[in-house]
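The following pair of complexes shares a single chain, subunit A, combined with subunit B in the former and subunit C in the latter.
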Partner chain A sequence: MNDQTIEGAVAEICAAVLGRPVGSGASRATEAGWDSLKHIQIIFAVEAHFGVRFTEEEIPTMDSVARLTEYLGQRRGS
Partner chain B sequence: MQAFEIALSRAQWQPVLFADRPTRFSLLKLRPTWPLAPVVIRVHRNHAFEHVGDASVPWFAWWGRAPKFLYSDYDDSLSFAVAEDTSAHLEVIWLDLGRYHERSDGASLHDWIAERIAALRARLTAPILFIPVGAHDADYPGLAGAVSRTPGARMADLRPLQAELGADFFDTRAALHSGTNLSDAACILVARELACRWAPALLRPRIKAVALDLDQTLFAGVLGEDHHAVHLTAEHAALQRRLAEFRSQGIFLALVSRNDLADVRRLFEHRSDFPLQWDHFSAAAIGWQDKAESLRQVARTLNIGEDAILFVDDNAGEIANAAGQLPGLATLHAQEDASMTRRALEYYPGLWSWGDQEADNLRIADLAASQKRLQMAAELSDPAEYLRSLGVELKIEVSPARSLVRCHQLSQKTNQFNLNLQRLSEAALAEALGSRDSRVVLISLADRLADSGPVGLLVAQREGDALVISELAISCRALGRRLEDLMVAEAVHAVLAELPASRVEFLHRTGPRNAPARDWLMRFAGPLPDEGRAPVGDEFMKVTARAYPVTVTVKSDERSND
Partner chain C sequence: MDHDLRLEGYAFTLRPVQLEDAAFIVDLRTSDPQRVRYLHAVPRDAELQRQWLARYFERAGDYYWVLERRHGHGEPEGLVGIYDLDPDRRCAVWGRWVLRPGSLAAPECALLIYRAAFELLQLDMVYSLTAADNVRVLSFHESCGLQRGETLPNYFDLDSGPQHAVKHICTKESWPAIRERLAEQAQRIAARIAPPK
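Entry: the complex of A and B
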């Protein structure tokens, strides 16, 4: 899975949780409705989809499609 | 969107909805294309419910509902700050009991919960669903007792879900961010229970029959003329065992198959390894006719509406065709992997019950008895002789407080002999039971062929010098024994003994299927408008048990407020 595929899947997950289309530049700062409850649902959905598990400290920092994509890309490479 | 298109679209969702472990992403990608009826669910809570509510939406949609959740603030005190102008179909109390364990012992916590649920009931009549999270095993009996004190309140049991997920039921790592200790997997399983079991069992009549195709549905392979050509996989065997359990829980099973009857009979005779045997099926429509016609035939045999049937078939075309012809028919697409079909049945909205299906259990035995009754009626031209031979016992219970659930079922489920179609809630019935000027009557019937159990409900109020019958419902299982006049008259006489009145009036309303009840009333009240209040005269008041060879007992001893 390359970065582009990961990014597409992450954006799709965010869109499913938020209930509207989401681009690759989406983040908590730019997306109305990406509140703390939706954020944790995105985190849970990403975990289930990619088979990863974020630490308690990592959860709040995964706050954009780009950040999630970067993290998942690094995990793929590790 | 046509009914057949909806049936096909719903079938496409099954692999996601009824996967062993559905995921949030796969669920939230589903977007219904069919019309949905709104259902308003108010959640009183002390921890986050949104993760459950959001995940439940696709399952609700599959049932044909669009849930709208109204959330309270997080409130450990359960003050029920409810806007008086917003009504809900369902009130959910979503409570993390872990927040109380250090502050109170079990008994006082249970008493407090009972008091809070009663306080909510005093303000609202909608069903109440109490979902305790973090309850200890030892808490459950006390909690169940506390909840059962309030009419129309039920308690969800999360222990099976906790056992299924083990340590993954909780996720304290995410609690700080999610607002609940439950894991995402637990929230998803709770969502499935809510939308597929708990809410339907509180908000819709139970499905009465599962009508099953044979080939590729109950077994792998095609019967044709060779019973060796069919293969009972382990998954199909498990499906058949589950269907047999449904039958033991009061759900009729029926066969709807394009085959020759002789071949099907021979199959069941030779396949003793099948958990389902021929006698498990209360109706069979086997032949080469259209399956919609077969389903109509099954409905007639079982004396139920077609909208009380769940039709299971591996052929999507058959499902679409039947759904297109029979409004309200529930459908399920049988999968090649029968474990998927079994799981879909487990969670089919309207099949699960709260364990109060005593009347459903009686229904299956009663159907077999009804065939014999018809035979006897044909053989005996004298109605009195017919009733004498049956040995009928009629029981009239005034104020049957311990049978509130059955009274509620009769009001909700009865369609044909239901005069005013009030569809009373348990809370409304409890209020009538507690009112000085109202009476609730439960009518039970038994004969030497079967105990039909409680089959009739009458609710009456005294208004001035009139006794007004606001609800009269008699199960179709009790009809056809020529006893409707006596059942209603005895119930009315029993109420008049406690609430004397100079005249009796029946409230009535035209519904889609209640012509039998209206025809009955017209015999005593003359022509009826579409709805209104109809007085009955001497002819009705003169109906007494003396004219019937029937044993009648009247009981009135459960009123708690007098």
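Entry: the complex of A and C
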């Protein structure tokens, strides 16, 4: 799975949770509907899809499609 | 006054605010510029906060809690309150809600405050008033399943200027569905932050 595929899958998950189309530049700063409840739902959906588990400290920092993609790309390479 | 109501959740506890919490309250309510924009200004003075708390302890229909972790050393995670309780209409406001930056406690804190309203205080309705520009919190209430209610023009007099307030109402009839939604997320978060076995 390359970075583009990861980014597409992450954006799809975010869109499904937020209930609206989401681009690769989407983040908590740009999406008014990306509130703390939706954030938790996005995190758990990403975990289920990619088979990863974020730590409590990591969860708040996974606040954009780009950040999630970067993290998942690094995990793939490790 | 009855200020000893305590409520245990999955990972967090609501415990009554004490005088000793004054410094924590001041720090939490003044340290994050993003949050301060939407809060009534609090002087950076723990002694003034203690004086405010002393008056609060004598006030009826007002409940102010520290949200703290159930496990470990019970670290404080945030603040929340129910106030302006109207015993005739069985309703009150919930607010004074501040969590430490990065906290995952929002779903459980909301769950606990609604449990306090409907299970401990036996209210028929509780509502929140959120600054109209505070889009993240407005969205949170709606993600919980609450309907956006009326907008109160220039209700808040904040440091940033006057702000409209948006009302979100939770009734005892709508509470079971909201409880289910919040409990699911709160339990998942609790499983993540539970202490290692």
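Just so it is clear, the second predicted complex is superposed on the first by the 78 of 78 C-alpha atoms of A that agree within 3 Å, B and C clash if a C-alpha of one lies under 4 Å from a C-alpha of the other, contacts with A are read in each partner's own complex, and residues count from 1 in each chain.
In the analysis below, a contact is a pair of C-beta atoms (placed from the backbone, for glycine too) under 8 Å apart; a residue touches a chain by one contact, two chains touch by 3 or more.
Just so we're clear, the structure is a prediction, and the values are computed from it rather than from any experiment.
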Which of subunit B and subunit C A:Ile13 touches, first, second, both or neither: first
First (subunit B), second (subunit C), both or neither touched by A:Ile59: both
Partner, of subunit C and subunit B, that touches more residues belonging to subunit A: B
Subunit B versus subunit C as contact partner of A:His49, first or second or both or neither: first
Subunit B versus subunit C as contact partner of A:Gln41, first or second or both or neither: both
Subunit B/subunit C common contact set on subunit A: 36-37, 40-41, 44, 56, 59-60
Subunit A-touching residues of subunit C, taken from the complex the two chains share: 101-104, 106-107, 135-137, 139-140, 143-144, 182, 185, 188-189, 192-193
Touch list for subunit A against partner subunit B, complex: 12-13, 16-17, 19, 36-37, 39-41, 43-45, 47-49, 55-56, 59-60
Subunit A residues within the subunit C interface of the complex: 28, 32-38, 40-41, 44, 56-57, 59-61
Subunit B residues touching subunit A - in the complex, by the definition given at the top: 23-25, 28-29, 48, 50-51, 54, 173-174, 176-179, 184
